[in-house]
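Note that subunit A is present in both complexes that follow, paired respectively with subunit B and with subunit C.
And now, the complex of A and B:
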């Protein structure tokens, strides 16, 4: 066994060759296909990709939860540095240890807060339970802490919110409550899976401002999952792009969005309508041909090859590109990235 | 002004739709959801008007009222100068041919038991637009071709199509009857990012090719700017601002438009706007604030904002906004 990928550096999490395979009636689905990445302490890593690209599955694996939604075979290594300073492999923890890691070390928030809030309990009892499950606290102290958390979430009337049931709150308020629950034990990593996708942009702006404020205060790291490239660019330090279960590009946000190297990232960025750009009347967007591949039938070679304008037959459809460094801290999976970057590819 | 007065294709005046709320042990009227109040706008022939606003602001309600898929509580809707709300059933049927709708959700808006061919043929049959079956089939193939689907899709069922393909079938169905006007209610919102551009481009083409007028409903203002000639920004059932798309997005006048645009994230830091984070939530439309409905969240509100509903008025050349501070 190789030495720990996080020994002697500033990584909080180091994921190596993560693969998650689901058994389904229609056949095996390789939802995550050999993904490696690190999350540094206190940083925000954005995980971007389209529907079905494997973002949620990768995140759930990080929490030791990928197996919960179905029959899953999980391979690879997920090294996590614990608060006490020692480390563990999430993929090899007992159920009991996993429960301690979840909530205490890593917490997760979802797109739909109702999926993690219990509709029959008040906000107060859910936060108090989250606190007392992981720490030895009196219920009075937990109650006080819950109130403080709601206050920190910018909820206008925390006392009233405490005695409310989730369905009595607006979408934005529920999201704040879910964040409060997630933060109750001061995790060192918050996994946020499309936490603002269902919200209006003005409410999204509130939640993003809130997450940034909390991060500055607590120094936690965030894995922020989104299909919105603009949002990723805005919230994250680094970004990682997934396509059809694989990681295809990774790097500092400014690099990935300014000098994308993977054809998929490039064309995706060009296909987005952007506000306030000069344009001709009737001007078209650059459309990406074809469809997002089905998880049951992933294309051979580079999974993007059927939609890629740089595709070379006999190469791209036969050989899966490996991740290569293409600049400081910038990595890409494309057989032709050098030619494309040099403008020599047609 | 001299010269010919052209009648707009669609002319909406003081539209109101309040939904009744009933309840209690002995059901009685308990109040109203004030979904749309005093909304007026025009759409010219071959013009795309974007209707921007957040969830619950009344966009879908407006779209359905102008097509008379639901009955407005009050107001006037004129199509080609004729009073839509006064149409008798036969005239309404003809109107339904001229004015079509495309829905947000390509998954639920197509009947799963019908093939693509049957779905697109249905309006042709209902409106008796083809003399016989072979003619109808040719027309269906032609329509599918218009939306870049080959004839091989004729016998497929919706479940065997991707989201973008389903949305294109929905568009082909809407085009079947040669409409002059289409309400497109969030037509790309449920699509994958890499597929959205295909459908947006299709709408750009169709508009040019058929001279269509479109009421384009979306909460994605960047897509809207791309597609629309003018944009109307709506908040809690009222129009806050209306103006040419490009000018409105570059230089918003109303404080709400300003905040809305500032909240749109952009991948390019050079284009990042100074974020204006609004406090609180959108108020409940059952009991909207007095005066300006935006005042409870408006960074520029003053005491007077509570006292009167600001009318939509010209605030700069070609620009209208409803705000007393402008």
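And now, the complex of A and C:
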């Protein structure tokens, strides 16, 4: 482990050249293609991208769960600093050791709070199960801890919630319960895969506030997966944009959103409606022409070139851009970012 | 819950009444004069008239039905035309045999179907073999399977006695030893059928989000399969078990015949071929009651298995 990417710095997770390839009946699909990133202790990293950009697969790979839905080949290195202080490569762990990472070191909450809880068990048993799986404790102590967690989640009547079945709770309550399950073993990283997408906007704000509060209290890092840039700006310290399985831009949230370098990020930001910036009469909200490419037929060169207004024939469609630094802590994968930033590109 | 069960049982009464009435009238219409049937083609009109008088066959059908119902309420289901034995007695003799055969078979079939199709390792490596076993169970006729088992275990290996049944009074060992082959025979079909139903449901459940959540908690594959997927996939099997048990109160005719077991199935078949009207009627009523009771039990089991389902 001499060449460990996290030795001697404050990284919690260091992903290097992660690639996830699924064998499908229609041919091999490269869902994640050579992605590298770090997550620092206690920070929030937003992973932004459209559906099918590989962001969820990349996140599942952190827990060794990317291959569950089918036959997958996973390459690259996922260095994770464990709570005990030593480190491991998630991609090379045995099934038994992986189970020690899941739920204990890295916990995950999902998009659909409606279907994330098992309908046949009470809330209490689903939280207690997560606790007893990783800690040697009595049932009574685990119950007490579960009650405390529900209280911490801001659930009005925790005792009643404990004995409830999932169908008796609202969507917002279920997501709070899910967060309680995820936090039960005090993970050092919480992966939140679009945790508010299925919720009302008011509930969404509550859940975000809750996540922030919990983070301040526990100091855990959050990998926040979203397609909602506004949400990313609100919650994250840094953002990472993915397109067609590749990382195209990453940096501090303020920097990425103020000075986006990748044309994809730029157009994503322009397609957001803004309050307090009224549109001219007749001016339409900008939409990105075309669709996200199918993972089976990824465009040559830069995968974004068919939809990019700065595309240059013979360049963008032939050479895949490498990730290069474009500012302090800011990286971009675009052949023409210098010209575009200088306003020289048409 | 209790009031609901009572209400369900009360609403079952008209169903039982209607189906026995239907059975009663259709049997009288189809079989024609019971006296003629019992005495044969060459019977003299005087003999027929005497018999009609004795059993009351000359009364209007409605009156006969009324009398039958009145007697049935007192536990008297009449006497068999062929053996003159009390029908209630004949049925109470047969029922334990049939119920025991049914319970063992359905229990074996359901648990084998559920366990074999839940074990993660089996699901990965033995799916083809289980599917083949299911197809064999469903397609091979019972009598063939029964005879093959007799051939294998009794004739070739000599492990088990070939002539079916022994009462409990002969000793539990002797009784159970003779139960093995009939139970295997009868459960084969249900094992296949339950497996197919369960597997389809399990496939759906395995895709649900809470399975991924359970894995993300760090639970083992076995725990996820048995604790989280199984209870959600078992509901259709419960329904199917209820229906099957109800039907089997009428006896497993082929299995009982192959292994010469004195169950209701054989009683029913011999009653039909002997035009033994009171026995046919009594077994018919038994099947209707069995189906209703078993469906009610299945509904109760449903609410236990899934808290989302409640009696309304």
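Here is the rule we go by: the second predicted complex is superposed on the first by the 341 of 346 C-alpha atoms of A that agree within 3 Å, B and C clash if a C-alpha of one lies under 4 Å from a C-alpha of the other, contacts with A are read in each partner's own complex, and residues count from 1 in each chain.
Rule of thumb we're sticking to: a residue touches a chain if its C-beta (ideal position, glycine included) is under 8 Å from a C-beta of that chain, and two chains touch if they have at least 3 such contacts.
Fair warning: this is a prediction, and the values are worked out from it, not measured in the lab.
A.B. asks: Based on the shared subunit A superposition, would you classify subunit B and subunit C as clashing or fitting together?
C.D. replies: Superposition check on subunit A shows subunit B and subunit C fit without a clash.
A.B. asks: Looking at A:112, would you say it contacts subunit B, subunit C, both, or neither? Reply first, second, both or neither.
C.D. replies: The answer is second: A:112 touches subunit C but not subunit B.
A.B. asks: Going by the contact rule set out at the top, does A:72 touch subunit B (first), subunit C (second), both, or neither?
C.D. replies: neither
A.B. asks: Given the touch rule stated above, what does A:316 touch, subunit B (first), subunit C (second), both, or neither?
C.D. replies: After superposing on A, A:316 lies clear of both subunit B and subunit C.
A.B. asks: Using the touch definition from the top, say if A:102 reaches subunit B (first), subunit C (second), both or neither.
C.D. replies: second
A.B. asks: Based on the superposed arrangement, let me know which partner A:231 touches: subunit B (first), subunit C (second), both, or neither?
C.D. replies: The first partner, subunit B, only.
A.B. asks: In the superposed arrangement, does A:63 touch subunit B (first), subunit C (second), both or neither?
C.D. replies: Second partner only.
A.B. asks: Classify the contacts of A:128 with the two partner chains as first (subunit B alone), second (subunit C alone), both, or neither.
C.D. replies: Touch status of A:128: no partner.
A.B. asks: How far apart, in Å, are the nearest Cα atoms of subunit B and subunit C after the overlay?
C.D. replies: The answer is 5 Å, the least C-alpha separation in the overlay.
A.B. asks: If I apply the document's touch criterion, which positions on subunit A are contacted by subunit B in one structure and by subunit C in the other?
C.D. replies: none
A.B. asks: Flag every residue of subunit B that touches subunit A in the complex, lowest number first.
C.D. replies: Interface residues on subunit B, with respect to subunit A: 54-55, 162, 164-165, 192-198, 200-201, 204, 208, 219, 221-223, 225-226, 249-250, 259-269, 271-272, 275, 277-282.
A.B. asks: Name, in rising order, each residue of subunit C that touches subunit A in their complex.
C.D. replies: Residue positions touching the partner: 208-210, 212-221, 228, 231-232, 305-308.
A.B. asks: Residue numbers of subunit A touching subunit B in their complex, please.
C.D. replies: Contacts found on subunit A: 50-51, 156, 170, 172-173, 200-206, 209, 227-234, 254, 257-258, 267-269, 271-277, 279, 282, 284-288, 291-292, 307.
A.B. asks: Sort out for me which residues of subunit A touch subunit C in the complex.
C.D. replies: Within the complex, subunit A contacts subunit C at residues 63, 65, 68, 95, 99-104, 107-108, 110, 112, 115-120, 129-130, 133-134, 165, 167, 178, 181.
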